[in-house]
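Should a chain be cited, it is by its letter among A, B, C, D and E, assigned in written order, with residues numbered from 1 in that chain.
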Amino acid sequence: MTLDVSITVSRGGEFTLEMSIRIEAGETVALLGPNGAGKSTAVASLAGLLPIDEGRIVLGNRVLDDPAEGVFVPPEEREIGVVFQDYLLFGHLTVAENVAFGLRSQKEEPDAVDAKTAVWLERLSLARLADTKARDLSGGQAQKVALARALIIDPELLLLDEPMAALDATTRVELRRDLGEHLSEFPGPRLLITHDPTEAFLLADEINVIEEGRITQVGSADDIRLRPRTRYIADLAGSNLLVGNASSGVVTVGTHVLHVADTAIGGSVLATIHPRAVSVHRQHPEGSPRNVWKTTIVRIEHFGDRVRLQTGEPLALAVEVTPAAVDALGLELGSDVWLSVKATEIGVEPG
Amino acid sequence: GGSSDVSDEIRVSAASSLGEVFIELESAFEAANPGVDVVLNLGGSALLREQILAGAPVDVFASASADTMAPIVDAGLSEGSATVFAQGFLAIAVPAGNPANIDGLVDFGNEELLIGLCDIGVPCGEYGRQVMSRAGVKPAIDTNEPNVRSLLTKIEAGELDAGIVYMTDVIAANARVEGIEIPDAANVAAEYSIAFITEGPNNEGAKVFVEFVLSEFGQMILAGQGFVTP
Amino acid sequence: MSRRQPRIAQSRPPIVFSVLAALGVVFFLLPLIGLLVRTPWSDLVSLLASDVVIDALVLSAIASVAAVIISTIVGVPLAWVLARLEFRGRSLVRGLVLAPLVLPPVVGGAALLFALGRRGVVGEPLYDATGLVLPFSIWGVVVAVTFVSMPFLILTVEGALRNMDSRFEGAAASLGAGRWTVFRRVTLPMIGPSLAAGMILTWSRAIGEFGATVTFAGNLQGETQTLPLAVFVALESNRDAAIALSLLMVAISLTVLVLLRDRWLRSL
Amino acid sequence: MSRRQPRIAQSRPPIVFSVLAALGVVFFLLPLIGLLVRTPWSDLVSLLASDVVIDALVLSAIASVAAVIISTIVGVPLAWVLARLEFRGRSLVRGLVLAPLVLPPVVGGAALLFALGRRGVVGEPLYDATGLVLPFSIWGVVVAVTFVSMPFLILTVEGALRNMDSRFEGAAASLGAGRWTVFRRVTLPMIGPSLAAGMILTWSRAIGEFGATVTFAGNLQGETQTLPLAVFVALESNRDAAIALSLLMVAISLTVLVLLRDRWLRSL
Amino acid sequence: MTLDVSITVSRGGEFTLEMSIRIEAGETVALLGPNGAGKSTAVASLAGLLPIDEGRIVLGNRVLDDPAEGVFVPPEEREIGVVFQDYLLFGHLTVAENVAFGLRSQKEEPDAVDAKTAVWLERLSLARLADTKARDLSGGQAQKVALARALIIDPELLLLDEPMAALDATTRVELRRDLGEHLSEFPGPRLLITHDPTEAFLLADEINVIEEGRITQVGSADDIRLRPRTRYIADLAGSNLLVGNASSGVVTVGTHVLHVADTAIGGSVLATIHPRAVSVHRQHPEGSPRNVWKTTIVRIEHFGDRVRLQTGEPLALAVEVTPAAVDALGLELGSDVWLSVKATEIGVEPG
């Protein structure tokens, strides 16, 4: 049971999604991307709610959609479990009826349906709400019902469109664990859409990054984290991404020159610098780093036990330091500082 | 209402079974009285009566039966009594070609046939029942139609095998139905009466129109449509 | 702080609304008052306690309920097709559905006669083959009444279907629900109030239908004479009886509707 | 891979639906065929080219459009009040609104006469004070037609309002929109298709209205004789003309409706 | 302009919200709480969409709702900007029309409306979508429109119900900054509902935690982080929360005894231990920590460059270590380990 997708779908004339993706049985692929990138569009196409314009969707040995061949399997025959981004719960039905909907539709035995429903309600702490009409749920409750409704049917493919966005932080942590366990038991391919890189890194075997309707990077969590190929991915991973020109161990970004460890590379490159790889000094530092320059702090943000500094000309870099360092160095907005980065800390890849 | 040219307009409420002949009377009257506009208000006699009782601005009322006229006179809405201006005899109507081979009134007792009359209370229904009792036939009725038109529609369409309507209707139906005469002994005459309404906006015109209907010319037009003139 | 009843969230109407709505109520109230003023209250019971009335009542009840049932069974699918499918000739079909609304009922009845009567386009072969005659029977009444009233159901439901967010149907399908299950468990409940409104319109139109019925089915007490036909006949002969009957119709209908609607809508 | 047109997401009907819908279409088609078969095609033009027809056409157009306008202006607020306000006597008001649906039109016309005629409960003081007589004028036609057709609008819109999620209205109010703005910019567009359906029902009922009009407004050519009344007169004197007229009505109405609906619904 | 709220609202008979809250002008209060706690209910009441059953809502010197006095100011007169959890965009209007809705309703000059709308569309990178119907937006785009729609009207009070839940990670970071700036300029009180503790800690001056319709803790970010009073809050802050009994420097949790620095406290207490304050050893450690015990690893979770261990009996604790430590110690599921915590690292508060 492998999902093999290569599709072109246009939406309202303005937007076109053009993507290929392959998910093996038992593999979770996360689809990560900015708002409006086309993630939900992909879900709608896979689920059969939005026929594709070109290409093919193949699940196992079944062609689900292929306009060139005139094949289109309707949604109810696709055996795909979907958590929709906006849930699409049936407001007139109770929570239990919503969860049982799929099984009942598939004509399972009423007793079996009730039993399974009870299990899932319990699993998602929804038992107390079993008889509440779905339209009377809070946002997070509704999302849990949507999850239970999709997971209970044991489909051949799972499509989860931001299945935890509305959950509170602790429920999310618990559910992330539970979902992880559930996913690892689930035999088919699964596609997880999320905005939370942690979620993607934790739950997915492979990450596909989608931007403006195109897949821009595919790889493991580490590939994405360490070798981001676009500004969006770099921001996501917390890295600084610089576009420059390399020749014999030197990368020129704008007017600034960076020394890098890789002397073989040349031409247009992507250079990445992790924010924690940058050191901050009040005086010109002595020592090994080959890259040292002077700049100004243009923003200071406190994130719990980290502080993020944004520096200005000549290189806009994000730098992470400890609160203690901020105090010790007396850093504040507008402070002049010296930054240093070891050449070995700068990742370089052909752009 | 209330416009200045009211004297040029005469509103005549006429029973719908008088529709065709009154359209002819209207054009004849307008030809004879240039500048006068006769406006017909055609409807069931009872309906027209209700309108007048409710104060409808009508000048003349021509009813299909004296009974319908009576409440108007009783209410003092008409000066003096109403005048009978025409009579109409009844006839058996059958679909063109007479598919059920109706011979006469006796066939109305045949349960096998589809027979229709006008309903009790409707003039043609009352008359029709009188004819039946005079002929000593107990009709096997399948439908009591609310008016002649409705009855004729069904006969024309072949849905009914026979019904009793006015002779004038048979003539007006132009061969789409066939008429079978009812023997004089059994036949009855409907009396059409006319009155002018004192509350109407155009009393003068009303009187002139009623006189016209009763005039020799008017009576001739009526006779031409199969009405019997008194 | 005193103990209080929980307050209900109350929408407040724009001011013009109150005025216009009041105007509307008066407009509907006046004729009813007119009717009540003319009602022969003292003879009411004697006027209404007759075979004719009871027969007509029963017949009207049967025919109008049958019309609602048939209209729902046939009309809802038709509305669905009109609302959801793109096909060549859709405008035409919609036009066809509207025809009975536009035709004067008497003409509609005549058209039915031409089509389904003993000598009609379809009625004649039907009669020759089976001996079945629709006119002059309760079937004729049901056909006439359904013909005239079904368009109300179709149009109301079509409007509601177009108003509805069809993504919920997609969600149901993705859960494996077949088209029929989707319709029954998602679509239908979601358009509930409009369907109810459509059924009420249909029933009301059916119970008040006169022209098509009398033309197509005729008027025989106990067989084809519905309440409006009885009223019409009484209008000719006995105005008091006609008014009494009309009031009875209004009273019954309102009782039924008010009971039904409040039940129905509350449960939604 | 060949270049292709983008495919349109097409809902597919449950199979029974197709069958039932087809049945419905046939049911509506048959009588129309019946009518077409009996139509005097050769004389059609001469039958229709007369003053009577043109007068009736104009009058019907005016009266039916007026009925839709009045019904919308008065009926939408009334529907809103019925759908959104909890008040004592709401069932009663709703019942009142349904009365014209249930009353046989002729009785409705009579009731109007009792109320608004020159000797009517309200008509008499009105006449004494202003000399205004509603019956037997175009105003009478408009009143009768509106009385009979407005309930369709009210019920359809009420159903749609109940179907609608009123939290959107709350959101609009929280943005500072007054009740009227909320209604005009949020409520009305959201119930669009149902309102359209209601207006079409109203218009159709108005254009086909016969009983109440003939009773309340009379049947005066050029003054109160609408198309259905002309058909009625023609039925007495010249049945071919009646059928021709009826066909004309259907044709005009369908043209208008099809054009209107397609425009309207597409824009929503 | 101070918001002063003390209300009781019941919802469908099952749920009752009973809360008091006071927000000064220029202050941002975050309302943090699990799903179904009543946060959106509070928003609905404040906005005037859900009349309260008892109590009072006062904004500045205006009573907005007071059933005892029979006062109820309708929503359109409250001048409150609301971002609803499910946006409630007007699907039939374009993005620009949605954003301009409030200003147009308030009869501002069309030119001024257009100008302001353009500014806000630009600010939220929505300019390209100005003429798109709101029903055709992606989830995140819709949320941005909802934000713009609420912020543009310059209300007296801002209610933001999870205003960033659907945004992608990088947009969220940017918007968090922009929103922070905007909030600091905004003169009135503002209430921010969020599930993201970071968001709350970054944007709010005070945090109110709500659970099951009741406020359970009020305080600054540090109060909440360091002295959580309920399990939910402890989980949220990442701390371990233990309920025990204290007497003369010893806290008994179940059968286990912990030494704490505070010798004065007695009776029922809440003890908090930060996961990173716990050290992990394969042998019984030597040295200063007074609390040392043996346990088993029951779960291992990798979070980027941290690893979280869950330990079992006698104390269920979350422990955070580095991946390097995991390797060095050869930690795996079921490993027996020794844990140590310094007495000074255990926070103790009256429970």
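Worth pointing out:
Everything below uses one rule, namely that a contact is a pair of C-beta atoms (placed from the backbone, for glycine too) under 8 Å apart; a residue touches a chain by one contact, two chains touch by 3 or more.
None of the values given here were measured: they were computed from a predicted structure.
Here the chain-to-chain distance from subunit A to subunit B, counted in touching steps, is 2.
Note: the chain lying farthest from subunit E is B, by mean C-alpha position. Subunit C and subunit E, compared by their mean Cα positions, are separated by 55 Å. Centre-to-centre separation between subunit A and subunit E, using Cα means, comes to 22 Å.
Measuring from the averaged C-alpha position of subunit B to that of subunit D gives a distance of 33 Å. Subunit C and subunit D have CA centres that are 15 Å apart. Within subunit B, residues 47, 50, 153 each touch two or more of the remaining chains. Multi-chain contact residues of subunit A (touching two or more other chains): 49, 74. For subunit C, residues that reach two or more other chains under the stated contact definition are 8, 12, 106, 110, 113-114, 120, 178-179, 190, 192, 232, 235, 268. Interface residues of subunit A, counted against subunit C in their complex, comprise 44, 47-49, 74-76, 78-82, 84, 88, 90, 92-93, 101-102, 105-106, 149-150, 153.
Touching subunit A in their complex are the following residues of subunit E: 11-12, 14, 33-37, 39-40, 85-86, 129, 132, 136-141, 143-144, 162, 165-173, 177, 195-198, 201-202, 225, 232, 235-236, 299, 301-304. Looking at the complex, you find that subunit D touches subunit E at residues 167-168, 170-179, 181-182, 185-186, 189-190, 192, 268. On subunit D, the positions that touch subunit C within their shared complex are 8, 10-18, 20-21, 23-25, 27-35, 37-38, 73-75, 77-78, 80-81, 84-86, 91-108, 110-116, 120-122, 146-147, 150-152, 154-156, 158-160, 162-164, 166, 169, 178-180, 183, 190-198, 200-201, 204-205, 207-208, 210-211, 227-228, 231-232, 235, 242-243, 246, 249-250, 253-254, 257-258, 261-262, 265, 268. Residue ranges on subunit C touching subunit B, taken from their complex, read 106, 110, 113-114, 117-120, 133, 135-136, 214-215, 218-221, 224-225, 229, 232-239.
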